[in-house]
Amino acid sequence: MTRAKKDIKKVVLAYSGGLDTSIILKWLQTTYGAEVITFTADLGQGEELGPAREKALLLGVKPENIFIEDLREEFVRDYVFPMFRANAVYEGLYLLGTSIARPLIAKKQIEIARKTGADAVCHGATGKGNDQVRFELGYYALEPDITVIAPWREWDFQSRTDLISFAEAHQIPIARDKRGEAPFSTDANLLHTSSEGKVLEDPAQETPDYVYSRTGHPEDAPETPEYVTIGFVKGDAVSINGEALSPAMLLARLNDLGHKHGIGRLDLVENRFVGMKSRGMYETPGGAILLVAHRGIESITLDRGAAHLKDELMPRYSELIYNGFWFSPEREMLQAAIDKSQEHVEGSVRLKLYRGSATLVGRESPWSLYDQDLVTFEEGGTYDQRDAEGFIKLNALRLRTLARRAARGAKK
Amino acid sequence: MTRAKKDIKKVVLAYSGGLDTSIILKWLQTTYGAEVITFTADLGQGEELGPAREKALLLGVKPENIFIEDLREEFVRDYVFPMFRANAVYEGLYLLGTSIARPLIAKKQIEIARKTGADAVCHGATGKGNDQVRFELGYYALEPDITVIAPWREWDFQSRTDLISFAEAHQIPIARDKRGEAPFSTDANLLHTSSEGKVLEDPAQETPDYVYSRTGHPEDAPETPEYVTIGFVKGDAVSINGEALSPAMLLARLNDLGHKHGIGRLDLVENRFVGMKSRGMYETPGGAILLVAHRGIESITLDRGAAHLKDELMPRYSELIYNGFWFSPEREMLQAAIDKSQEHVEGSVRLKLYRGSATLVGRESPWSLYDQDLVTFEEGGTYDQRDAEGFIKLNALRLRTLARRAARGAKK
Amino acid sequence: MTRAKKDIKKVVLAYSGGLDTSIILKWLQTTYGAEVITFTADLGQGEELGPAREKALLLGVKPENIFIEDLREEFVRDYVFPMFRANAVYEGLYLLGTSIARPLIAKKQIEIARKTGADAVCHGATGKGNDQVRFELGYYALEPDITVIAPWREWDFQSRTDLISFAEAHQIPIARDKRGEAPFSTDANLLHTSSEGKVLEDPAQETPDYVYSRTGHPEDAPETPEYVTIGFVKGDAVSINGEALSPAMLLARLNDLGHKHGIGRLDLVENRFVGMKSRGMYETPGGAILLVAHRGIESITLDRGAAHLKDELMPRYSELIYNGFWFSPEREMLQAAIDKSQEHVEGSVRLKLYRGSATLVGRESPWSLYDQDLVTFEEGGTYDQRDAEGFIKLNALRLRTLARRAARGAKK
Amino acid sequence: MTRAKKDIKKVVLAYSGGLDTSIILKWLQTTYGAEVITFTADLGQGEELGPAREKALLLGVKPENIFIEDLREEFVRDYVFPMFRANAVYEGLYLLGTSIARPLIAKKQIEIARKTGADAVCHGATGKGNDQVRFELGYYALEPDITVIAPWREWDFQSRTDLISFAEAHQIPIARDKRGEAPFSTDANLLHTSSEGKVLEDPAQETPDYVYSRTGHPEDAPETPEYVTIGFVKGDAVSINGEALSPAMLLARLNDLGHKHGIGRLDLVENRFVGMKSRGMYETPGGAILLVAHRGIESITLDRGAAHLKDELMPRYSELIYNGFWFSPEREMLQAAIDKSQEHVEGSVRLKLYRGSATLVGRESPWSLYDQDLVTFEEGGTYDQRDAEGFIKLNALRLRTLARRAARGAKK
């Protein structure tokens, strides 16, 4: 334990109901002597939340201290969709599925801490990963004087065996397959499932088949392509094949499509904020489709100046989310710029889904900036080809001046 | 014609041997009374160059005025590969296949103009597109006082019929299928084939099958995936499946693979430098594979600071190439930064090619920065989890100060 | 004249009342046979507007076609102040005094064109400068189908003598000192006066004394420094020495102070958007003080993340204004980001004005983020020095990994 | 002390000879039982180094363990000048005088550690500042497995009194004025002197006169301006008034000029990398002049594209240096881009120095890109005013398309 433990009375734990957070729950009770409040969120990870309540009760948490919330709509509406407005990808590829969920969980924990008068919050992220940073930056940004407990950085357990012994000593139920170490660890929510560790640790080795859970194999996907139409308003997806859907319902539907067609797998070696490289396997079936679709609707509704500025700001914006700075002034500034650009990002796009790929095949919009008259090979319309000469000449002027200087130099 | 024609004696024409540039050739002879020097380059567009010589002779070009050059290696080595070091994509998607070829052609025309004492250069790009800009910025950057002739912006032909009449009047051979207007126009080189215009002008309509020429349909690709290993040295691909290949040979091999597996199609509405949106279909079979491969080898050999800086600079770099500023100080500055980063980008990556997708499945390098000790869930090694606390605390400090200010404000 | 003149019925001319725009007025009447509507704005250039009305009447403009407007408050409030929120300087130094005035004039001309049913607008900027671009981009962005007349690019006058002859032939009054060419040309508004041309054209030569009009010589300024306190709300200056002032009144007051103390001179060789370098002398007395003051109040009220992002976006933002893209989506996106950051930029700063310099000497704010407890050398408070170790270690991690790789390489 | 002390045999201490580092020296000997190697560098801080040797001997350091080096030329040539090529300022104003010295000291300590077989390095920077980060990132980047000792973060001294008692107990000589706490602390080298702490901690209060040591008061400076000409080659200053000078000699000469004319004071509230705001007073007499001069020579020799790219990269570059990432791949990438731009930054500039200000009044260069023919109001030369129309029209095209869309929307 790095430093002397503070005197903690009540702590809000981000509780999944699984073995690890159950151990943390008990450890908080026994080590800190603190009253534990559990917070279990449905972010679309695909697990029932009932058992989490049962387990918390079993571990001695008072009924009024058990908070369970369905956050799926809030998650997609206020976190996933704003992020997709930016076409955000980290290091060119990663759709930030884990990163974007942490701030919301942190926010809810702080709200519950305020409601219950808790003086601490606790998460189950390890000391080597990005999630500890994302949780804790969220906590501190919202409640600067909260105490943060990060058990994985604090406790003295040296191994899986130690943890299991502690669980057994405290009557924590242990599923059979949780006794040994998992061949890899996962995180899941409505946007994605990530897998990392153990069998994935050699970046030269292909990911084994059994790692995938959210996407079918492209090779097993239907033999015929499927077409889907996605409607957008103000940069957010609002309908699929003409059917209006809530944000979470829409993303779930896209996930089904992506799963079916084997879309959204990503095998990545990435750079963690804490300084090392790690290898992960991400499955983001609906998100992968949504990114293609959003770029597609932007392509006809966004002006070049806006589009290029967005592209230049995106890497920074994505890095901020990856690093855990969702609740920071600079992320909010970038969001203001991005949102400003989305006013007319409205219309629909058509995609072809086929064995691992989502391909844009058509787009239309009442606000389209695409003007067939301008682009057609026929003369006429508002474009005068003779303007191009002046345009080029003045763009070339400084280059010609440079060339004259170079020639001057050469003659010396 | 915008302005009074200059008195031109000799002009170097970028000559493909096709109908359009043959008309231009004759038009230069008749309108300017100029001696025409033809330059025909093999950039891997897949056409024989012999006929271009025949045609030029037929049209009265003196043998010593016919220049034909195989530029494939120079093209890939000095233009395509440096660009791929940057992972350059325009507007998030376009691999810049046409953009990157224009500067090289411009450079060769200028070299020939110097050699032959020509006072003008001429290209066959239209007045609405980007290529006129790319050619002419190249000309001016290399030879500031050259005269540039852009027939499509100058001549008085109003329609295809006018052009055909002119061709007939001057005994220019017309292939039967060139009499009418083509259903779309194309540009091709070793990196890509682009198609645009006519049947592609409605961005809501899916590209018809007959447009594709460089890639098979994903649905028709082999049923079983194919694995390929690509080796890199200093950021450039140097081998396939262990076989060392020259730049052009390597790209040609990747093209074959991409063609076979239906990889590298892109249906895009893009923003032209001259100000309008246009819709194009790009086929970049080898390039699409190469981009995935290059990002893959970078993922283990490039430091985070370098990688993120590259990602932030890339949109600007790509825009410069797209807009025709290859020969500009700012492109060269960015290239210097990018090249600096590639010193240790060496090793090999393994990709799975399957029905439209190139997927990275493994990477290894003698210079790998991936350190399993750092990332493993096991304790030990050089990473001390307790460091994370201080790291987070100091990263959070300013956010906490902000939160305290906000709280202070709320209490007022 | 580049192209056939359109048939113009009514044209709104940006009319200063001076000789040049009077010649343009008459030229429009005679060449286009158009009804001329004059628009004369008070932007604080320090000239009476009465004579402009007289002159317009004299030149045959109908009374109902003479528009004179005092735009000083709108100019400072909606253009100058938003720009200063960004700490905008072009090429590191220029406060954009001319650039920021053009969009407002363009906007007013378009409004009058709509009101009067005019089909064209006209400005008096030359064909080599930036102002033509700024005016015309403004016109087109607000009224895409307006006809733009730029007499300096169109007419056939070859010299000053031609212009004077035309004026004499049309009974345009010519002030004695306007017969010959001015030794330099100027532009003025409440923010600045610029001077360029002729005597300033050799960048090696110091600007002659007689060029300055808005600032006293530092050597002639008072011997004792003067202190001034400037109050800010939401990033905009609102008071001087405790006295609340409207935007234009405030800037005028700062101009008086700057003039008195010789502050705000800038001798610059800059890069024009049209491609060449030019040399200008700018006097921005109040603006120079305001920039120092705004940076000062931001220094204690702006978070680091916001401040650094602003600094990175500023060059682009300034370039957009300089190039005439005030009414563009990307300028508005950047403005949204910048404005988002200014919510708590409130408080006051104290400056010392002395012989050419405005120096910040103090700043305070109810929203200050400066926390003496954090920074003091004394231990205690919320900062734990031991956190620094972890912070440094994790920031160093990737550098250490790089160093190990380098060492590995060296041993090979 | 955060963690168990490692077993250290030899440690290289950055030793100034002052009281604080003498206490550290003794503390290393007594607490770690380590053999101490002192490294004292002349970076132009204006103190004799002889006494440092005496003191080290007195404190029991073996003669062969005392390293004293004159680094002035290396400091200016390889650190200050490359940084000035970028026009680097942190947060718009700070010339990075302290930041740029730390990497060099770190590098020398590591070199000595290698030479002497030391297993640790040690610095005297406190736990709240930036310097600890800069030193330690430097150490780790160059020698990843070195042990770093940061006494201020480790020892148990609680107050100045504790330190003085320790000094007395160990016969460390204490200058009379060092018994109490200094009213502020300073750092000095050839580039600047910084002052911070205590009397400077209230950012609302003007800096007291006695804080300044490197610059005279502007009010006391000569009544008549002084002109100075600075020559440049490849972006670096090489001569003053025609006299060729080595880098350090040149900077020293500029310091004299700045001192005399009261140039280079900066009162700043800045954002530290470790997360809090601090207030500092910087005096950079020669550097302030050099920045103006370098921008001046660039203004006529640098192309717009290069200049604007430099301006956009500068904030990031400066932040990297401020934060201690001199030895990082991304700083080196940016340096490669910057250096690439400086090839023709050659010529001379003339400045007027007067009571606090350095004002550019003239610049000339054999590589000047300023072309009087292009800019003059006279017609003729290579610039055709008619080109401006097409230039503007195509730049306006997308804005007009946007305006048409807006009009379309309004009509709905």
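To keep things simple, chains are lettered A, B, C and D as they appear, and every chain counts its residues starting from 1.
Everything that follows uses one rule, which is that contacts are C-beta pairs under 8 Å (C-beta built on N, C-alpha and C of every residue); 3 or more make two chains touch, one makes a residue touch a chain.
In this text the structure is predicted, and so the values were computed from the model without any measurement.
Looking at subunit A and subunit B, the chains in contact with each of them are C, D. Fitting subunit A to subunit D on C-alpha positions gives a rotation angle of 180 degrees, to the nearest 5.
Centroids of subunit B and subunit D (each the mean of its C-alpha atoms) stand 42 Å apart.
Residue numbers of subunit C whose C-beta contacts span two or more other chains: 2, 271, 274-276, 303-305, 308, 316, 325, 328-329, 368-369, 371, 374, 383, 386, 388-389, 391, 394-398, 400-402.
Across the interface of their complex, subunit C is touched by residues 3, 271, 274-276, 302-303, 305-306, 308-310, 316, 325, 328-330, 332-334, 336-341, 386, 394-398, 401 of subunit A. In the complex of the two chains, the subunit B residues touching subunit C come out as 2, 303-305, 344, 367-369, 371, 374, 382-384, 386-391, 393-395, 397-398, 400-402, 405, 409.
Every residue of subunit B that touches subunit A in the complex is listed here, in rising order: 2, 87, 91-93, 126-128, 132-133, 136-137, 140-145, 150, 152-153, 158, 181, 185, 197-198, 201-207, 218-219, 223-225, 265, 267-271, 274-279, 295, 299-300, 303-304, 307-308, 311-312, 314-316, 319, 325, 327-329, 350, 352, 354-357, 359-364, 368-372, 374-377, 379, 383, 385-386, 388-389, 391-392, 395-396, 399-404, 407.
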